[in-house]
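Each structure below appears as structure tokens.
Next come two complexes, and both contain chain A; in the first it sits with chain B, in the second with chain C.
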Partner chain A sequence: MGIAAVAFIGPQNNPLYLRSMDPSPSDDQYMKLHYVVHCALDAVEEKVLLKRGPSDSQDAYLGLLYPTEDYRVYGYLTNSHVKIILLFDDEGTIKNEMVLRVFRRLHALYVDTASNPFHSFGLPIRSGRFEAQLEGIVAVAPKPGASLGGFMT
Partner chain B sequence: MFHEKQSGPAAAAALEAVGYRVGQQLAERYTRDKPRLGDALEIIKFVCKDFWQALFKKQVDNLKTNHRGVYVLQDNGFRWLQRLSAPPPGSDPAREEAARQLALSYLHLPAGIVRGALCHLGVSCTVEPDPKQLPSCTFTVRVM
Partner chain C sequence: MLRGGPSGARNPPSLEQINAEVFTLTYGSIVRQLIADFEDIEEVNKQLEQMGYNMGIRLVDEFLAKAKISRCSSFRDTADVVAKQALPMFLNVSANVTNWSPDQTECSLVLTDNPLADFVELPEEYRELKYCNVLAGVVRGALEMVNMDVECRWVSDMLRGDDCYELRIKLKEHRDEKFPYKDDD
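Take a look at the complex of A and B:
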């Protein structure tokens, strides 16, 4: 179990950020990630429509969106319609609480980044600080064999 | 002349734009730990209650709507107008109008903030401030 990729998608389904946690991802892999995340957007919309019940309160955390051959795709939708998509490797068990914790921290990180006066809404996120902190958050669930948060002896 | 330059339409638009951006960022922050808001009315209610509380340390006193996309937010003691002295009651209308115009220039920024927050949460709208009788004022939200 480990996080394979993180994606932030804007309100108009415009990609804000996509990051593979592979140390040296190929172009093909990036295309594949884009594809998986793109499919996830349909699943997000579906979940939102299904949850439009009269009484149930709507949580930002959408849970497992769909499993693919290689990944399990989890989604989170903020009040400003920013979607956060997490791709987990399809190995071992994934605890919901852990996923939720990662999402909450990613959301907090996004809020902090958006508060930067030099951030522009709707444009891709370019911030060294954002990247560094994201790596720290993702290192909670490191991908086996990845160098993030690892300790070389 | 100088006063016109300082508070003409260009300055008002600039203040509104600054407010818009601030509103976007504040909305992002204040909705962080809230469950997802549903329709436009729920978003407006959030702005009236939590958002107003955070910005102006009180809630909106009265919210009226015609259910067709117009919402009137009335604040009977708007914090940012509290220190402006109102003309005494019964003074001549010209003087009251002058005070109104003067107060209006202090409302471009909050109107921008409200509009920024609403737009960022998914309600694209225009916001028109109106200081009726200091320190009370209304914000008319028209959903587009």
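Take a look at the complex of A and C:
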């Protein structure tokens, strides 16, 4: 069990950030990640429509969105409709509390990054500090055998 | 004025406080707006300093009224008061006074924490921006109102990769108190 990729998607489903934790991902794998995350957006929409009436209390954590052959896809939706998608390797068991904890920290990280006056809203995140802290957060559940030198969009 | 961390214990209770994030974000948008308006980083630095100056000449009165301090006997005292009393009072951070020049007219205020610059990450194209230049202006303005002409400039800045914020203060002239009228007027 380990985190294979992290994605942030904006309110209009515009990509903000996608990063594979594989140290040397191929173009193919990269396209696949895009595809998996893209599909996850549909799953997010579905979950939101199914689960939420207007009066329901909003829980940001969406849980397991769907499993693919290689990944298990988890989602988190902030109140401003920023979606955070985590791809876990399909190995071993994944504890919900751990996933939730990672999501909370990623959410806090996003909030801090968005508070930077030089951050351009709605555009892809380009920030060294964001990258570094994200690596730190993801390191609590590293992919076995992988270093954290992955690449980004 | 600024609340951050545990219950602002260093502030006297008589001071109104505001939330640190509101303050940081407000300052951030001011800087953003200045960059949009002037488009020239040097000009933005100058404007920030001027804004700070205008704040400083007003702020010093409030500080003197509330800080319960006695007269400073030397520039050394003054620097200490700025670092240990004025900064905690208005920014909830304190600074260290170091790097005195041999003739005691130049020193550095070193801050390791700066609420103005929380969250901020300078983009490459704004490398020359002195993000906290407003503080340099505040110190210059405030000291000018108490008869000290000083020059303030940032020599290191964590936003540019240094390991602290260092504000260099140089005393140019200490003017004696002059009254604008003569005794027999």
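Quick note on the criterion: the second predicted complex is superposed on the first by the 143 of 153 C-alpha atoms of A that agree within 3 Å, B and C clash if a C-alpha of one lies under 4 Å from a C-alpha of the other, contacts with A are read in each partner's own complex, and residues count from 1 in each chain.
The working rule: a contact is a pair of C-beta atoms (placed from the backbone, for glycine too) under 8 Å apart; a residue touches a chain by one contact, two chains touch by 3 or more.
It should be emphasised that the depicted structure is a prediction, and the values quoted were computed from it without experimental measurement.
Undergrad: For A:His107 in the superposed arrangement: first (chain B), second (chain C), both or neither?
TA: The first partner, chain B, only.
Undergrad: Looking at A:Asn79 after the superposition, I want to know if it touches chain B, chain C, both of them or none. Which is it: first, second, both, neither?
TA: first
Undergrad: Looking at A:Asp90, would you say it contacts chain B, chain C, both, or neither? Reply first, second, both or neither.
TA: After superposing on A, A:Asp90 lies clear of both chain B and chain C.
Undergrad: Could you tell me if A:Ser127 is touching chain B, chain C, both of them or neither one (first, second, both, neither)?
TA: second
Undergrad: Going by the touch definition up top, name the partner, chain B or chain C, that contacts more of chain A.
TA: B
Undergrad: Between chain B (first) and chain C (second), which does A:Ser115 come into contact with in this model arrangement: first, second, both, or neither?
TA: Both chain B and chain C are touched by A:Ser115.
Undergrad: In the overlaid three-chain picture, which partner chain does A:Asp22 touch, first (chain B) or second (chain C), both, or neither?
TA: neither
Undergrad: Given the touch rule stated above, what does A:Glu135 touch, chain B (first), chain C (second), both, or neither?
TA: It touches nothing on chain B or chain C.
Undergrad: Counting contacts the way the document defines them, which residues of chain A are shared by the two interfaces, the one with chain B and the one with chain C?
TA: Shared contact residues on chain A (touching chain B in one complex, chain C in the other): 115.
Undergrad: Show me the residue ranges of chain C that touch chain A in the complex, using the header's touch definition.
TA: 21, 24-25, 28-29, 31-32, 118-123, 126
Undergrad: Looking at the complex, which residues from chain A come into contact with chain B?
TA: 11, 52, 57-60, 77-81, 107-108, 110-111, 114-115, 121
Undergrad: Which of the residues in chain B come into contact with chain A in the complex?
TA: Within the complex, chain B touches chain A at residues 24-25, 27-29, 31-32, 34-38, 120-122.
Undergrad: Considering only the defined contacts, which chain A positions touch chain C in the complex?
TA: 112-113, 115-118, 127-129
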